[in-house]
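These are the structures, in structure tokens.
Shared between the two complexes below is chain A, which has chain B as its partner in the first and chain C in the second.
Presenting the complex of A and B:
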């Protein structure tokens, strides 16, 4: 019970009220706008009757302040918040607490080991090596962004079969990762697609593409370019096409060639999407999992940070160590996001 | 020599190069897929004797597809995937739209805090937290049931909350007010007014969430161990063992998994481009 509604029947004389003592004016205090007689009559005749039956309601309040109304958003938020807390915040909290123990994920006992797990991650060379594998994927993402930018620019002009090319370039992004893994296992295998195409071009090679670490990582990073270029391409294309056409016409009238149009119209218009792509590329190359896991299982030096973490946790039952690794990855990604937000102040992020 | 013809010729050369680059990209994208399609139509002998680019003797040889369906358990996998898709999509739509409705249409004290919870959660990549999420799911006794992926897909999708939130702002509040005057309570307003008007946002969420769920490998790989609970991703992954070097069967399985995506893409192109662009920039 907070405040007295302004249209309480005792203080305000409702101009539409026909005569004192008639049942209708008493319907007004229930809602805020009910002074309009038409809406009261047409909208809720039964309610009018119900209220009239209980004439002396002590100091009615408006719907806006009732405790029921204040509780309403929580009815809608209860399940979403419960799921959010259970599957995002509780895991993060417990992950941090596991990371300081030697827990195996099963036994009821766990020893507190301090920062020992973190020391292991950064000092054991076979654990630290996975960070170098990310370098291949990082280089691949740079190539990917370049290729996507080129095709987005080219296809923003009117071309024949534009929609066909757009569809072809984007489609790999939609394909199931396991299917892509198999397609490229056959592509790289001895006597497979790549060898056959090279032989057809007159190059005979029996190089085992997935046989040594450098070649295997380059091949896998190439698959990731094949798979993800489409998303960058569509993002860039959308940004370029949001530039009004008159701008290009004006530039053409001023004698700007295509390179100048690219440099002075297209590049500024895609800057936000470009910075987003860079951050997605970096965090993506840190958390590569599917393609190398499906194609090589992490063998021949292609293990990535996430493959290693998953193996530690679910094959070797080193939940404590795996949690520490996951915390390191999480911290890296949060740090990157923070750096990006500082470098490119983003006005699109709005809280409500 | 006037400048005009040179520039026109240069433009034409540029156009030719542009088309050449587009054709090259098309080949790079389609060739690996086309070869797998060819392989799926070959017999085992044709695969072991002919090269990768050789053509199948019988273009209508669908025996490998039958093998993939029966021995590869792909039929059960499509069933499981459909089951998981149905529940997780319905759940995502309901949860995302309810959250957006509560946050956009009501003023309450903890609103900023609630939004911050959702916003911060977008920064936490799901791959990193699975080590501990597994323990939570295990605690509920849901490991190796189809409810584990359903709950995870429903509960950790913040992108769809943002898509709904952005869309709900464009629905005029006067509609809510009018309904309230007619005696509708908050739930009726959500159910009868907001939800129907959210249809375009629901379509976007269903498409992008549907495709990512269909393609997801990580969650079913971690949570569904039984062979009869495989989704298409894990069922296809299991082809690696029994079919070993039987590339014709593996190829048929891969094509079967890709085909529904291709059909959906051809039917819903425009929605898909917009949806994924929207989803990625959130």
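Presenting the complex of A and C:
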């Protein structure tokens, strides 16, 4: 992006600003950030010149000529690639191959059944009914992104105890999902933490929180929000803090309030992270597993597609069918991600 | 671009190789793992896979091994306790190293036994000596010997029931419900505890198939499109009782947050009236009663409330069956361990369970049953393979908590539908699966 959009923050908030690259008399002494764009523009021709000069130089042997040298990057890559192959691609390939068989998970014999498993999945509408449950988690994700964005914005400004609050918000994400499941089981228990806290506030309720499908799903989605807000928060905070500080300064000088700063500086600059979060939220809500599996085991209408798949494989020994279900879920998530990327293309952000 | 293609090619090649390499277990010889004639002559090292991690940790199994070594001095026995026994062993059985002695995981289909385990002897011979040997019989050969068996019934707090004024065992489901209502009215206790959250305790209800009509072949009769939940069927009687207990508010208020470990103490303290469990639980409950300051006598065990010709019946079902791996290099030593552990170790007595050896007496925990002339019905396993196949194909899970959790949800109104519809749906699923899979 070399062309500046007409509504770039600087032009809008500070019409009297001089042309880019020119010295800016208004800047306070000691602020070096402003020189960054200037030097970048100034530096560009030099770099191009250097590159252009390279072939002219008498270089007898480029590093590209030696086969050993050419292999060097691959040596560095060997270990991660081997791990990636062993633990991701090979299992996925095996899973895809199982999905065309009637394997029960133990037997040495398995029959090739073609696309039978897939036909079965798509002719059994009840297998997709569990996706309604994902709706709860999707709604929760929207809330979660909102909450995380709010706190990330607030805590990116100078506040007292801001590091403490950052820690508090991020902490749940560090706890193991299984532990969270157990903690919240006590939390939602009849007469458990939630009931006690409500009793202190003068609310006595007899409501079994995990007792009926709606309440159970809401409770579980709430746990999921509690757990993953920290992750979103850290992603957003990182993105917000990479916004150069002088933009806020300039905005402030031009009289922009916090909301305007948020709307015109923060949101555009964290757009890639925001769209990543949405992708994670959607794929996450389709494949919820840990928390409901531990807390309810999928009972009382809280079963999700992954829980259903696990039960097919390990309770009913239909490993072939379960593999096919897993492949279908994978395809579904890839498809949704692709659609989303088409709808919201990931263009580069350039504030300056 | 060229590089990407080469990489993709390599990836596919690796994947294909791995997939090809994974398929197929090892071939088994089918040679009988016979017990050695001379105890001093057998030697070698054997590894025993067990689900009893508690007994591995507290050294109980090591003491058994030491006793074993007094008879078989040259055999070294090691134990491997596995917490998620079913899940882990099932996966390990795709390799050749799954110990020398192991408990047969439920996931292994009966017809696959010969490719995983060494036969232990002809059916007739073992059936004379051991209970439950037909559970692992394939083509006239037996592949596993039960550790012990359990009878099924309600564990209940005797002193609490006495306090409510109930001293005789209910004889029909209606009487049982009335008894629970009395307990609910006259005491503060929860009359029945479902253990809904942990799930597996609800599976124990299924083991009453056979107790209701005093029929050892009741489970075998499920092998076919027989609508197991039709009126008059045993599962109909059993699951209607579960449903009614919950529907009439005789179970805990919030089943979704129950806790098994806590439930033991609650029953011992008289805060819970009863739970449907196997007789294996009596020892644990008595220990809990003593811990709570009560007496072991507070814990009672009663059969399913149904009588035939004026007598109660209790189905005996087998616990895990011990088998010798087909890939074991010390089969005689492994067999010697199984024989010794089943007959001489005193393990089943210590657990208060029904011994696998037919000649051995019933344990003290079942004294109530013996004194009241409860008929023990040893469940026939002749058609278990077919029943399991139908069960899995129908995705019902007679031995899984899910459908009974749904039943309870229906009973307490958390799920729409009536009991009749629920049973009709189960029957439909079962019969359809039986027609396609059971043939």
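Here, the second predicted complex is superposed on the first by the 236 of 352 C-alpha atoms of A that agree within 3 Å, B and C clash if a C-alpha of one lies under 4 Å from a C-alpha of the other, contacts with A are read in each partner's own complex, and residues count from 1 in each chain.
What we mean here is this: a residue touches a chain if its C-beta (ideal position, glycine included) is under 8 Å from a C-beta of that chain, and two chains touch if they have at least 3 such contacts.
Keep in mind that this is a model prediction, so the values were computed, not measured.
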Touching partner for A:299 - first (chain B), second (chain C), both, neither: second
First (chain B), second (chain C), both or neither touched by A:112: neither
Touched partner set for A:311, first chain B, second chain C, both or neither: second
Touching partner for A:184 - first (chain B), second (chain C), both, neither: first
First (chain B), second (chain C), both or neither touched by A:122: neither
Touched partner set for A:334, first chain B, second chain C, both or neither: first
First, second, both or neither for A:132, with chain B first and chain C second: neither
Chain B versus chain C as contact partner of A:89, first or second or both or neither: both
Dominant contact partner of chain A by residue count, chain C or chain B: B
First (chain B), second (chain C), both or neither touched by A:322: first
Common interface residues of chain A - those touching chain B in one complex and chain C in the other: 85, 89-90, 94, 105, 192, 314
Touching residues on chain C, where the partner in the complex is chain A: 11-12, 14-16, 18-19, 22-25, 87, 90-91, 93-94, 105, 107-109, 112, 115, 196-197, 199, 253-257, 392-393, 395, 397, 400-402, 405-406, 409, 412-415
Residues of chain B that touch chain A when the two form their complex: 14, 18-19, 21-22, 25-26, 28-33, 35-36, 39, 51-53, 95-96, 98-99, 101-104, 106, 108, 111-112, 114-119, 121, 123-125, 127-136, 151-152, 154-156, 158, 161, 180-183, 186-187, 190, 211, 214-215, 217-218, 222, 232-234, 236-237, 239, 247, 250-251, 253-254, 257-258, 261-262, 265, 269, 272-274, 276-277, 280-281
Sites on chain A touched by chain C in the complex: 85, 89-90, 93-94, 97, 104-110, 185, 188-190, 192, 206, 208, 210-213, 216, 296-301, 311-312, 314-318
In the complex with chain B, residue positions of chain A that touch it: 31, 33-34, 39, 43-44, 47, 63, 69-70, 72-77, 79-81, 83-92, 94-95, 98, 105, 147, 150-151, 154-155, 159, 163, 165-179, 182-184, 186-187, 191-193, 195-197, 199-200, 226, 231, 234-235, 238, 258, 273, 276, 280, 283, 287, 289-290, 294, 306, 309-310, 313-314, 319, 322-323, 326-327, 329-330, 333-334, 337, 348-349, 351-352
